[in-house]
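Think of it as A, B, C, D, E, F, G and H in the order they're written, each chain with its own count starting at 1.
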């Protein structure tokens, strides 16, 4: 007798997504739903959708949700969490959303130790608006607003969000994952679960940064895109845990 | 024959300030003016005043100046520096201005490696508006908006700006000084000079954080206030250089 | 009143819908006419629906948005459903039968059936189906000269794309043949 | 028309200007009257100028801002210069001669000279000069009963400040003496 | 009957909010309203509520979005430049139909301007300073007592219409002290918030959003909002008529300016000039009808406001050419005095303009 | 005569700016104006200019503040929510009297709304969405060619008045392609900017600020600004009269709606109904006089706009009750069709309302 | 420990990431086109090599793959 | 190596920070009040102990102190 060992998580609606073929968002959505299911928290989970390709995440995950303004998800999550401390609140944010326009909001949610979990999807571009440069666009990368390739003298340096937020005392769990191959995906899920657990235990702010492929705006096939994550992104954005709740410290960096 | 060995720097107007007795802003203004004079750059220096007690800094320093909106000085400095790359552009910002409302602007000016110099005055409160909590207010400190003393569970943790910005590749020189005694003041000036030199050499973004006394809003005499800087602030905000231009690295922390 | 024509081209994103609209607009401009070209697409970066409206006129163009177009080029089922009812009485519908499986319902219009993808695949490039459609449309309406389109195509593709140009040209010409039938 | 009085109290920040205004307003409220109290200060956190306007009336108070006050309590030179010209004809000017070295120019007003700081220092607390001024003002206008002020003072200072209360009370009473002269 | 307390407008606003059941405050310091967040930071923990000093006004308004969406009674307050920073968020809150209260204690502008009282954000408050078609319900207190009263009503109105309500005060209202009595609240519970984010336990999940990719849906949404605004216009207009019955000239003013005008009217009446005051209490919905009716009776309306002429447009829209409309504005923290107003009225009446 | 190029409105706006001497662009992506920053990022380095993708719209407007203060020709562009985020900064720029150009390619609101064309930021643009008494000079193109032309004029006007100029376009203007010819610019150099920040070498230092602690000074500043706006009203009103001479009914519309109206007018005239169009090209200063004059001649004015009714207030202010004013708005990305407009006009004319 | 997978043709967007990760190369590009115009992946395992390791499913952004495994 | 300082009475705000840092305790609180109402610091150095070390001036937020030193 065959037994189903992999299927759509219960907390996801059985609908097709609007994402491009090969997009990392779909994988990250699934990890999120699996963690929610495994922790059995769907009835007390609240999500905050960003503005970005994943603005429609509420069409896929079956929990109470807000749709934020661009960059403001952490503030909305703060408002919600303060009203309902017993709910599990997550934000889902792109790199334009979190690392650019929403810089102040994410830094201060972390500094306050706001008990929320942030899924930060770093795909090195603005996906939804057509592939413009993000703060996380890597040096040399061409985008629609860095057509000559990102050069430090003109466009400055990429921002390492996980490392930056790890300097804040309010941040309890900070990690970076990638979803470019099954091994990294499995590890990503473990980190995400730890992040949610950090929130549920009331230990403070938690964030997982996911390096994610955007084949469309990178102008690559999905297969090329996952390779590009490995070869270009991970060297600049090392995977690992940068901060763990006291006593559970792991070394930063390294795969 | 007696010789004058200490007098008002030339680039300062000979007028009284509007600051409270014992306020650190006056000392920092003087250091700034001395560095400008020593580098001989007054005719090509542009300042950007913040909104805070030091909004009127342009009444004291005799160079071209902007008055910014609260928190936006780094953006204004960016606009100016891009137009006039040969000018020396500094911003002068308080901790409410830079570390709270202006978080995104300072992080991204640093990330871009914007060739400006930032004087960041950390006095652990909002001076101008009457002593409200700042992001840098230390744990336990009572302010008009943390009347029960800053507690992590309610008001979160203080932000260490120098350490946070030092994680950014665009930041070339980042240091923390204090102006609570002559020794620290002398060291502060050296750092400030280095910061300006970093800009002039075109090496990138530079910032000096000054721990500064606000006797009025701390409800202390000036003498008590400088002691409080030593005993309460410096332990949380270690003095030192956190980032120096390549090849000139000094170890962070330590006095 | 001088010359006036408007049309909507509709299909999936990625089918080159906007592209053939631009070719048309460009060619018409080069022939000295006023033109407007307006795109419309959904939130999807890839896939999803896309359409564009092209107006060509000898006079100043008022509305660039068209309620009831004179012509319609349709590249997938949802577009047929969305736009067929809006076509003007007596209007022209060019439909890509390789992908459109639904049947048009109107009987007060002219319908040209074009197996565009099939033809394009035969010519060696599935992605040239749009040019087949454009050819068929032009053969019927003569909105611009065929050479104007080929000039525009050459200009837009730029140098070093001779191969691509040839495929597209072949597709376009195949389309005009079908349209002329 | 019922009872009506308005006044401006002006001096440096830190001199307790706003404080005695509040005492007055509070006492008047307790006596059942309508009151308004409006502060005004410059950008300096310490030092700089500060003033407040108090209106007391039996009727609904219209404007809480006063162009030509009935009375004026003045604690430093700049305030004398700023406000003396605005005092109503026949109005009352109470001036702290310990700090105000300029001479009032008007001859159509009543002037009460109060060496407030001198008296306060004699009583052991320089900072009670404001209470001396308030006493002098009240002795002249009888705007509220002296006990109302003392009640208000007690209430505002709160428990455990008996010593401070005593100094302030003494200063206030000294002021009323001078005012009565 | 509650006891009267002598209190600043800012404190009255804060306390009234708490008494109206507001338990969440998100804000950022700015003169002249600092006493509001300061008061809240002390009081909220005492009543089991929550005060968060946000990193900015921008963050504060989105915290309000979050808390309002979560079903709480929630407010923020700021002053002019800080309110400008909230414009995007206010548009979002209006779009998502979340009830909340926003206090603007206006100061002089533009830019950093000054810290003294002003009424120069009238347009911004009433015409929608943010993008898109939305309206705030705007209440303009003219005494500290009224600030407290309107504050309480503001929360009820916000819940009733699922709409942000703005209490628009000038700096004087915020910093002035007057005796206030906090009225006992009728204990009508707010309408049930079955749309709120509370965790989808035992019910279909809730979704709070403002994106409508289908333009037909977005238009429907806009029409729905528009109907709501018409509904407000029908039900919620508040206006004070002061000595207008026999008036030969009407002055239009709100907030502090209206009080000053009352004094001017006394002066004028002593001189035999029958002036009256129409004081809009709701600025949106605006009391167009009251002015329309007044226009039938008087030849002149003088609009007094602490700006360069903003409410005057609404007065003109109301009277539709039937009456001459004059404007007397002071700005930048300058406050029109009753003498000035009286003189202006005298000029108009004498000239029989 | 330059050659005609087929180009989107967004690209035409960007290229025209460059041809007008704009060398600094600070912006942030947002649909439907992304082609503007994208174009600038490619072109600016070619012409020795500078493109910076700011971290946010808020940062962008203050970079504009900095560059404008430094004496440069500078611009930013965005779309509705992004423009709301600039409100504080725009107020500051107006207060500091810095010349710059701000482009708003409007989309449906409120909130995130939609990405389709709209005109629902009319109030925000014309009445001052930010705090304080300030005004933008607002230009509303209705073709891609006009977008290019107005863009060039915008920089001149900004310099002339030391005031921010807004080019207010709807999403169609931004995304539509039309043939454009970039007019050769007269080489009149911009007025000298002796107030600009350039380093105080051999001159007294310059200071750019908006704070006036003395209310009298701030009032003076406000009055100065106000006079400037009156000056604009005197000199800069632009309006197109289309077939109004013999019109029995006038339609008021701007931008894309005006073009659609032109088609409607053709349809109506074929049916024998003499309709005409008044198309404001400057929304501030508004062509009040043109409408006032029209009101003498026609009984009905129909305002067509892609919002729930905003410009209609200015039209009403202009006609002052002399004419019936109707409004036909679509919103949320829905665009009124010429058929609808024609039908609406027919209804009005038939009913002889 | 045999396994098998089922691909939802209509959910599949033809990204082919699953193809790249299957250790036994059991997935292929289909010639057919689904209703959205994509060439979906298809499972071709004539020799029953599939172990049900789920790697393909883990990689699929569309959750278009269900994996079955012999009960142990 | 003698020195001396000159305090500008009117600039001085009486914060007295200079007093706390002079190694020879040469500064004192004045009994007088300046025009802003502050008790300024005064320099009292009857024995000529001042070295012109500038510590007091370095600490002064008002730049109210000028320091003179014997030419070496």
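As a working rule, contacts are C-beta pairs under 8 Å (C-beta built on N, C-alpha and C of every residue); 3 or more make two chains touch, one makes a residue touch a chain.
Computed from a prediction, not measured in an experiment: that's the story for all the values here.
Peer 1: Going chain by chain, each one touching the next, work out the least steps from chain D to chain F.
Peer 2: 2
Peer 1: Determine, using the mean of C-alpha atoms as each chain's centre, which chain is farthest from chain E.
Peer 2: The chain farthest from chain E, judged by C-alpha centres, is G.
Peer 1: Centroid from C-alpha atoms only, then distance chain G to chain H, rounded to Å. What do you get?
Peer 2: Chain centroid spacing, chain G to chain H, equals 84 Å.
Peer 1: Roughly how far is chain C from chain H, centre to centre by C-alpha average, rounded to an integer in Å?
Peer 2: 87
Peer 1: Need the CA-centroid distance for the pair chain A / chain G, whole Å please.
Peer 2: Result: the chain centres lie 26 Å from each other.
Peer 1: Please set out, as single numbers or ranges, the residues of chain D touching at least two other chains.
Peer 2: Correct list: 43, 47.
Peer 1: Could you list the positions in chain G whose residues touch two or more of the other chains?
Peer 2: 13, 36, 38
Peer 1: Please list all residues of chain B that touch 2 or more other chains.
Peer 2: As it turns out, chain B has residues touching two or more other chains at 19-21, 55, 67, 69, 100-101, 103-104, 107-108, 112, 128, 130, 135, 155.
Peer 1: Which stretch or stretches of chain G touch chain C in the complex?
Peer 2: Those residues of chain G that touch chain C are 13, 35-38.
Peer 1: Where on chain A does chain E make contact in their complex?
Peer 2: Chain A reaches chain E through residues 42-46, 48-49, 55, 58, 62-69, 72, 75-84, 87, 104-105, 107-108, 112.
Peer 1: Tell me, which parts of chain A touch chain G in their complex?
Peer 2: Its residues touching chain G are 1-8, 12, 16-17, 19-27, 30, 181-182, 185-186, 215, 221-223, 226.
Peer 1: What residues on chain B touch chain E, complex-wise?
Peer 2: 51, 55, 67, 69-71, 96, 100-101, 103, 126, 128-130, 132-133, 135, 144-148, 154-155
Peer 1: In their shared complex, at which residues does chain F touch chain E?
Peer 2: 58, 80-81, 83-85, 87-88, 91-92, 94-96, 106, 108-116, 118, 120-121, 123-124, 127-134, 209-223, 225-226, 307-308, 310, 313, 316-317, 320-322, 330-334
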